[in-house]
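First comes the structure, then the notes that go with it.
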Amino acid sequence: MAGAKLEPRDPDWEAKVRESFARQTFMETIGGRIRALSPGRCEVELPFRADLCQQHGYLHGGVVTTIAANAAGYAAFSLMPAGSSVLGVEYKVNLLGAAEGELFIARGTVIKAGRTLSVVECDVQAMRDGKQQPVARMLATYMCLEGKPDQPVG
Amino acid sequence: MAGAKLEPRDPDWEAKVRESFARQTFMETIGGRIRALSPGRCEVELPFRADLCQQHGYLHGGVVTTIAANAAGYAAFSLMPAGSSVLGVEYKVNLLGAAEGELFIARGTVIKAGRTLSVVECDVQAMRDGKQQPVARMLATYMCLEGKPDQPVG
Amino acid sequence: MAGAKLEPRDPDWEAKVRESFARQTFMETIGGRIRALSPGRCEVELPFRADLCQQHGYLHGGVVTTIAANAAGYAAFSLMPAGSSVLGVEYKVNLLGAAEGELFIARGTVIKAGRTLSVVECDVQAMRDGKQQPVARMLATYMCLEGKPDQPVG
Amino acid sequence: MAGAKLEPRDPDWEAKVRESFARQTFMETIGGRIRALSPGRCEVELPFRADLCQQHGYLHGGVVTTIAANAAGYAAFSLMPAGSSVLGVEYKVNLLGAAEGELFIARGTVIKAGRTLSVVECDVQAMRDGKQQPVARMLATYMCLEGKPDQPVG
């Protein structure tokens, strides 16, 4: 599929992304963490936990969407200029199979990095008995808010 | 907007929905609960908590999506026949404003209840200083799995 | 559902919308026209034609989407300031029933009119034997390009 | 991205797809045709025409969506069993750039081929001065109607 130009516009892109991710209290609550990071790409992983499930004992679709949205949003943020923050506009998720496994991996890839809007796709896989199984696919839009730094100024 | 026929096909629809919701461990983890329920409609509410936030201290979009998907999915399930379970197919969410408030309310309404597929829309509002503020809108598809009861047979 | 503030910011909003619509050659090709127009709302209608069909003789889903996107986009454009143009960002369409009928009506309503982005929902109905039947539901995002007038300056 | 099993279940898949496509009068009206076809993949191309445009003289987004939906739908149909027909459930389209060019190519690829539902992604590119430029990305769901042949029985 068409790739976007994956040139960071902020030399501090990596620290900026990791600090922003670290401020998300919800990630700590559910146990999500950055697995891999490069300009325009972000992977988020989350180990299965019995307190994150839907009615049949699989990982809740809301948790799947949460890690997908984080992988997508930080993939977009990694390409944004210094002094800006990232805002989720919309996302669409297709659920492809039961979210059953020991570990879940969401991989976000920017497919268009515009000045204002970025389009990102994200793939979520479950690790089950050592094999990857497709769980979800996301197509999402993020907005760059220039002049509104993500980091709170103390 | 066009309404669907909101006639339940299962006389036990309400108990079925409440029991299924109660088996979602993730709802207990984040504090979501059913606020209102009628055939083809379901409201889920969730009080703000500081451990459910994104990087700016607002409710995480994944939590917003989670309560929206539950309101939508159980609205659909309320109209499904006895002995079936509900499967999320896909959803699309537009984020309309900062998820800032003391309480969040997701209202799902079935707009088409087909034999196999149901289409549901869901509106999420924040209660902020006693006023409702729009947070998100969802348009979602759910599938009825006939002959696969949602309740585990002990 | 939550309504947006439907105050036009351009006194010439109606002429602007009608002129822009009239420049769409594709609308003339397929026979679409504005049925009703008010700030934040636009209805587009299209009579059935045998040369606009899919493989079973119903109106093609692409035609359904076209009139929905026009109703949605011009609903958004009606609220944008003078000197700006409207850009489609993304849309999602759920097909609710066979596009069978004599006339198709798409009704777009702005649910959020932001400075940069607008969110619009659109409902498409078929007139069949004098009755409306649901055909599709759309949830869409449009962008305001300020300082880029829609009208070509001659 | 994760690939689906691309094994056709109907030995006549190619004739079935081409015949169904040929019955779409709208494809003839706008000049769309199959460019390439294999199990689980379908490419549709459409030359630019001045009577298919939006208000700025670019190809109308509805035409872009039409060829994307056809590429996606026939990619899904190519994997469906004999005696079934394909029904569009929903699609989401992100518009990535101006639909400006001499020729437009939509490439649909099945990412999940389920018994009832298939998930397909589709990429649309414009050929402009001999180079491909991204126009749109679609993520779509199609349903298999078993026992309802697509071909009309004369």
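The letters A, B, C and D name the chains in turn, as written, and every chain counts its residues from 1.
Simple rule for what comes next: a contact is a pair of C-beta atoms (placed from the backbone, for glycine too) under 8 Å apart; a residue touches a chain by one contact, two chains touch by 3 or more.
Please read all numbers here as calculations on a predicted model, not as lab measurements.
Comparing the chain pairs B-C and C-D, the larger number of C-beta pairs in contact belongs to C-D. Across the assembly, the mean Cα position most removed from that of subunit A is the one of C. Centroid to centroid, with C-alpha atoms defining each point, subunit B and subunit C lie 29 Å apart. Look at where the CA atoms of subunit C average out and do the same for subunit D: the two points lie 23 Å apart. Within subunit C, contacts with two or more other chains are made by residues 89-90, 92, 94, 119, 141. Taken as a contact graph, the chains are fully connected, with every chain touching every other chain.
Subunit D makes touch with subunit C in their complex at residues 20-21, 23-26, 28-30, 50-56, 60-63, 65-67, 69-70, 85, 87-95, 150, 152.
Residues of subunit D that touch subunit A in their complex: 1-2, 92, 94, 96-97, 111-112, 119, 121, 123, 125, 132, 134, 137, 139, 141.
Partner subunit B is touched in their complex by these residues of subunit D: 89-90, 92, 116-117, 119, 141, 143.
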